[in-house]
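These are the structures, in structure tokens.
First chain A sits with chain B, and in the next complex the same chain sits with chain C.
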Partner chain A sequence: MNLLEVADLKKHFPIRAGLLRREVGQVRAVDGVSFHIAAGETLALVGESGCGKTTVSRCILRAQRATSGAIRFMPEDGRVVDLATIPKRELRPLRRHVQMIFQDPYASLNPRMMVGDIIAEPLKVNGVPAAERRARVLELLELVQLPASARTRFPHAFSGGQRQRIGIARALALNPRLVVADEPVSALDVSVQAQIINLLLDLQDRLRLSMLFVAHDLSVVRHVSDRVAVMYVGRMAEVAPTDALYRSPRHPYTEALLAAVPAPDPGRRGRRAPVAGEVADPARPPPGCAFHPRCPYAVDRCRVERPELREVEPGRWASCHRAQELSLAGVT
Partner chain B sequence: MAERSVLSIRDLAVQFRSEQGTVRALDGVSFDLRAGRTLGIVGESGCGKSVTARSILRLIDWPGRITGGQILLDPEEPQPTDLTALGPESRRMREVRGGRVGLIFQEPMTALSAHYTVGNQIIEAVLQHRDLSKADAKAQAIALLGEVGIPHPQRRIDAYPFELSGGLRQRVGIAMALAGDPDILIADEPTTALDVTTQAQILGLLQRLQREKGIALMLITHDMGVIAEMADEVAVMYLGRIVETAPVARLFAAPRHPYTRALLRAVPSILATPRQRLSTIGGAVPHPGLRPGGCSFHPRCAENLGERCRREVPAPVPLNEDGGASCFLAEDAA
Partner chain C sequence: MSTTALEPAALPTGDAAAEARYAQATQLQLTWWRFRRHKLALVSLVVVALFYGVAAFADFLAISDPHATDARRSFIPPQGIHLFDEGGFNPHVYGLKGVRDPRTFKLAYTPDPARKLPVRLFARGYSYHLFGLFETDIHLLGIEGGGRSDGIFLLGTDQLGRDLFSRMMVATRISLFIGLAGVTVSLLLGVILGGISGLYGGWVDTLIQRLIEVLRSIPTIPLWMGLAAALPNTWSVTQVYLAITVIISLIGWTELARVVRGRFLALREEDFVVAAELAGASQMRIILRHMLPSFASHVIAAVSLALPAMIVSETSLSFLGLGLRPPAISWGILLQDAQNIQVLAGAPWLLSAAVPVTVVILAFNFLGDGLRDAADPYG
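Our next item is the complex of A and B:
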């Protein structure tokens, strides 16, 4: 079995209105999402804002309880738990296996704690003795390429990129099986972003890190991920190995997303017209394929029948009625 | 033949005073905005992009102030107006701000109020700059909303900003900026907060408006992709100075400043090979209060010449069509 298998995950939020706050509808933030992450693999979860990426990651971290579906996770070889349904009590010892890297390196570190204590905190919570903690903190600082002297300083003394390294060290303290990173480089400047991307690539190699990398920047994703899962309005549009997805997308939404990214090359200027329209409201998703109002390839069937995610070739999944017949443009 | 310059910035200096001392946010910035052309301004956080934009509109507030230089409107006319000589709240400056020069913000809510309908706000802006009846102003507001691609403008004019998506709100922000019929538009990271597909739509809209109206566009961004897509000329900023200017094709093909070269190599690419590493620039942008002496990029510069770069300040970029770099390597190569 894979390290993580998410099957038909749903998370619906009630919409309340009126004096009595009665439920008048539901936001289908995540509406039947399936994917897996193999050990040692980085899967990127991409899509426009509001498509449900953060909600998926919060369900995996159990910061939110799934409405339905399964999140099968293998904390150690031969043992599988369902993070969607496992009782709170049994969840606690599992938390060390799934750690999080946050987007905002300014908000995610306690300004009143020394860096060494911030990194050691998960160790302390898990009962690691003080001497071992100190050794581990030094090891972690080295791993994220910060000087040992950082231990006794406070977060305000560090730049955004250095703070992100501290956050990464903290996330790795307990050797988690899975790291969930929600937009870990999107708040950083180009030069700092490049350093953190390289660090993540190093860690993937050195630690065989398994990672769910939530991002909206398709360029960053091409550098760091082994496979990519593209979401649209709470559902999975396409899942594929990274290079294959960029070269030859199998879902019209993936094609539209790729075409919209401005390449840092004036010679490629203005090649394609951007996709029209706006992302649908997850409280009122269009019938049939949610992408059909914006899809240049939509046919009658797309307006009435919802396409399921199907394996369109070995290792590649797409939820488009026309996935087999269309030949879509990638970026090469 | 270069297009007519409509705005010339010369040696602009802006300082912010704080308890820790004086921060030179802009330290001798010069460039021209030309009719029908897009000047892309790129640089990392804190290098002075927004301060440049706000200076032109005289929106720098205490503890900041313009301490030197000129901002010349219509520099090729017999009597240019130096905006630095006007009171920020003077009648003339109010006419220029939103009239001759429109401003588009990263977050459109900066320009909009949450309490009024978008229609009311655009009508207000139209009336401020044009002598029209209320009814004509309303018709004009509807026309503007249509022009920026808002569907059903007659209906949307009664919407409140919060009822609109981020993309539609930015379109309203652009309509606001167009209300005074400006011939100069300053867009400060207009798409940074938007998704790529929406960004592509908004950039397309700016291109169309510019073409139709011959607008001089100053587009601030930190995204080299946006620069490649939009700019005719590019100015690269570092620590309150312009370190390189160039026509866009040249900037990408043969960057002349080591900072530009490093920046271009550090940008993630949609064309990357799997697990491709990026070149990095050592260190981080220093706080502008702690500007290194000599060439201010020297501590991070992989190509620095040692002593000379530590001690001497390279000449500013030349103000010609071909541009240039403020770097001894470029000086020596010329």
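Our next item is the complex of A and C:
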């Protein structure tokens, strides 16, 4: 089986109002999402803000508890646990297998701890002896290309990119099976983004890292991901191998996201304007396909019937009634 | 922080030693560096330290027994120490001389320039226990020779002939320590209840927050009056002292609880706390190792702002006759003597007890402001 299999994951947040905090509605942040990550594979989870991609990653990390669905994870060969339902007591020893790289490198490092202690903290919590910890910290610093002298410094002495390297070192400290990277470069300067992406590529090669890479646009994920999953208002719009998705998207939303990717030479081809309008409110999603109010190809069927995620060709999944008939523009 | 193009090979250049010092600075150092820039707070820190120095060495600094009454030296105006005598350095004070008022036939004691009493450092006086441990009778200042009623009256005396300066020294000790004790009790209540409130949330949080709102909406003076009136008359000075501390901190904890709760709520969502949780750290370790150091400085700042409120509370309670009672000596009790306009007209120096109250409260407020600004050196 795959390293991670998410099946029909749902996370609904209650909306409460009034003095008695009665439940008056639900925000369906994640509403039936399924995907898998094979060992050594990187899956990019892409969508605009509010589409539920962060909630999905938080559910996998069990920072939030899923409303329903299964998150089957293989911590070691031959053993499968469901991260959605496992009791807290049994979860703690499993934490070490799923680690996270945070979006904001300024908030994710404890300013009161030295860098060496920050990286060693997961080791310490998991009972690694002091001498081994020291050696491992030096090894990790080298892995993320920071000088060994960083060990005795505090985070405030480092730039955003350097801090993100520290965050990556911490995430890798326990040799996790799966790394969840929550928009790891979106808070960084463009020049630094490339460096961090290169570092992640390098780590993928060297450590055969499995990664869930969460991003809000398609511009950065092309280089790091093997496959891309596009989310829209709590559901999957399209799942496909990276190259195929960029070349010929099968969902109008993917096409819109691709149109928003900055082109190296904007004058070279006729560019369609990025999609208009706002993301639908997950508390009151439109009937039918959630994307239809913004979709230039919407037909009557889209307004009433909700499309399910279907395999449109081997390895490619899309949830669009017109996936077969439309020919959508990709990028080269 | 924008040396992004150079990283990671080149750490910021410049003065290497200063860079290294900054890079390896702990939170305490950073806080201190930032605090140091707040000059008023720095001065206030010195003032507060001096006050607590006085409190620690109150009996040593006192000149005559603050409890000893002497009818012959009632209402003596403040006397300076004369430093020079006949061209040489010879600090001295004048002895007292009884003069009968020709109209009222009342005997009044006034300083007599003819009788000079030399002032000595580390002189022997009444005996006391230093820090409550070592019995000694050494005082900073004292006079040589002279009769029973002679003495140094830097701030004059009250109706019963007690030296106001000596009483002020001892009052400083009680007033400042009642503040500390009150804050300690408030801090315990505040951290525990605020921590529970912030950590567990839900109905416990709602309950504690509503309780705080109720407590804060009660007018303080009537509440204190009621509680103080409930203290039995038969209680000793120490018992009353403790009870007053508890009464004062009953209100004081609410503010601290809110600070602690607020920090807990803010920190619970911080990425670095989530990271610790993901590493598999226990709840206890997350609180002690990751959260506590982050809000300790905020709590210290809140405490230094709560202290003056405690001191004012004690002073006002005692001034109104609801707090400590004589023979205990506190600033409020000293000011009680200044309630009577007739006494005040004849002996305005009795009001001088208001000066340390004002000074220490201003100092604490400035200090608290400075600490609050410096508390989060990363912000």
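Miscellaneous remarks
The criterion applied here is as follows: the second predicted complex is superposed on the first by the 328 of 332 C-alpha atoms of A that agree within 3 Å, B and C clash if a C-alpha of one lies under 4 Å from a C-alpha of the other, contacts with A are read in each partner's own complex, and residues count from 1 in each chain.
By definition in this document, contacts are C-beta pairs under 8 Å (C-beta built on N, C-alpha and C of every residue); 3 or more make two chains touch, one makes a residue touch a chain.
Just so it is clear, the model here is predicted, and its values are computed rather than measured.
When both complexes are overlaid on chain A, the residue A:His216 reaches chain B alone and has no touch with chain C. Once the two complexes are laid over each other on the shared chain, residue contacts for A:Glu48 go to chain B alone; chain C is not touched.
Legend: residue contacts after superposition of the two complexes on their common chain; A:Thr242 is shown touching chain B, with no touch to chain C.
Using the contact criterion defined above for the overlaid structures, shared-chain residue A:Ser191 touches chain B and also reaches chain C.
Once chain A of one complex is fitted onto chain A of the other, the partner contacts of A:Ala70 are absent, as it touches neither chain B nor chain C. Touch criterion not met for A:Val81: it reaches neither chain B nor chain C.
By the document's definition of touching, both partners, chain B and chain C, reach A:Gly161. Of the two partner chains placed by superposition, A:Ala38 touches none, neither chain B nor chain C. Overlap of the chain B and chain C contact sets on chain A: residues 159, 161, 189, 191-192, 195. Residue ranges on chain C touching chain A, taken from their complex, read 1-5, 7-8, 11, 19, 22-27, 30, 270-272, 274-282, 285, 290, 293-294, 378. Every residue of chain A that touches chain B in the complex is listed here, in rising order: 48-49, 159, 161, 189-195, 197-198, 201, 204, 216-220, 222-224, 226, 242-243, 246, 256-270, 273-276, 278-279, 331-332.
Across the complex, chain C is touched by residues 61, 63, 92-93, 95-96, 98-100, 102-104, 107-112, 114, 121-122, 125-126, 145-147, 149, 152-154, 156-157, 159-162, 165, 167, 170, 174, 188-189, 191-192, 195 of chain A. Put simply, chain B touches chain A in their complex at residues 44-45, 165-168, 195-201, 203-204, 222-229, 248-249, 252, 262-264, 266-281, 284-285.
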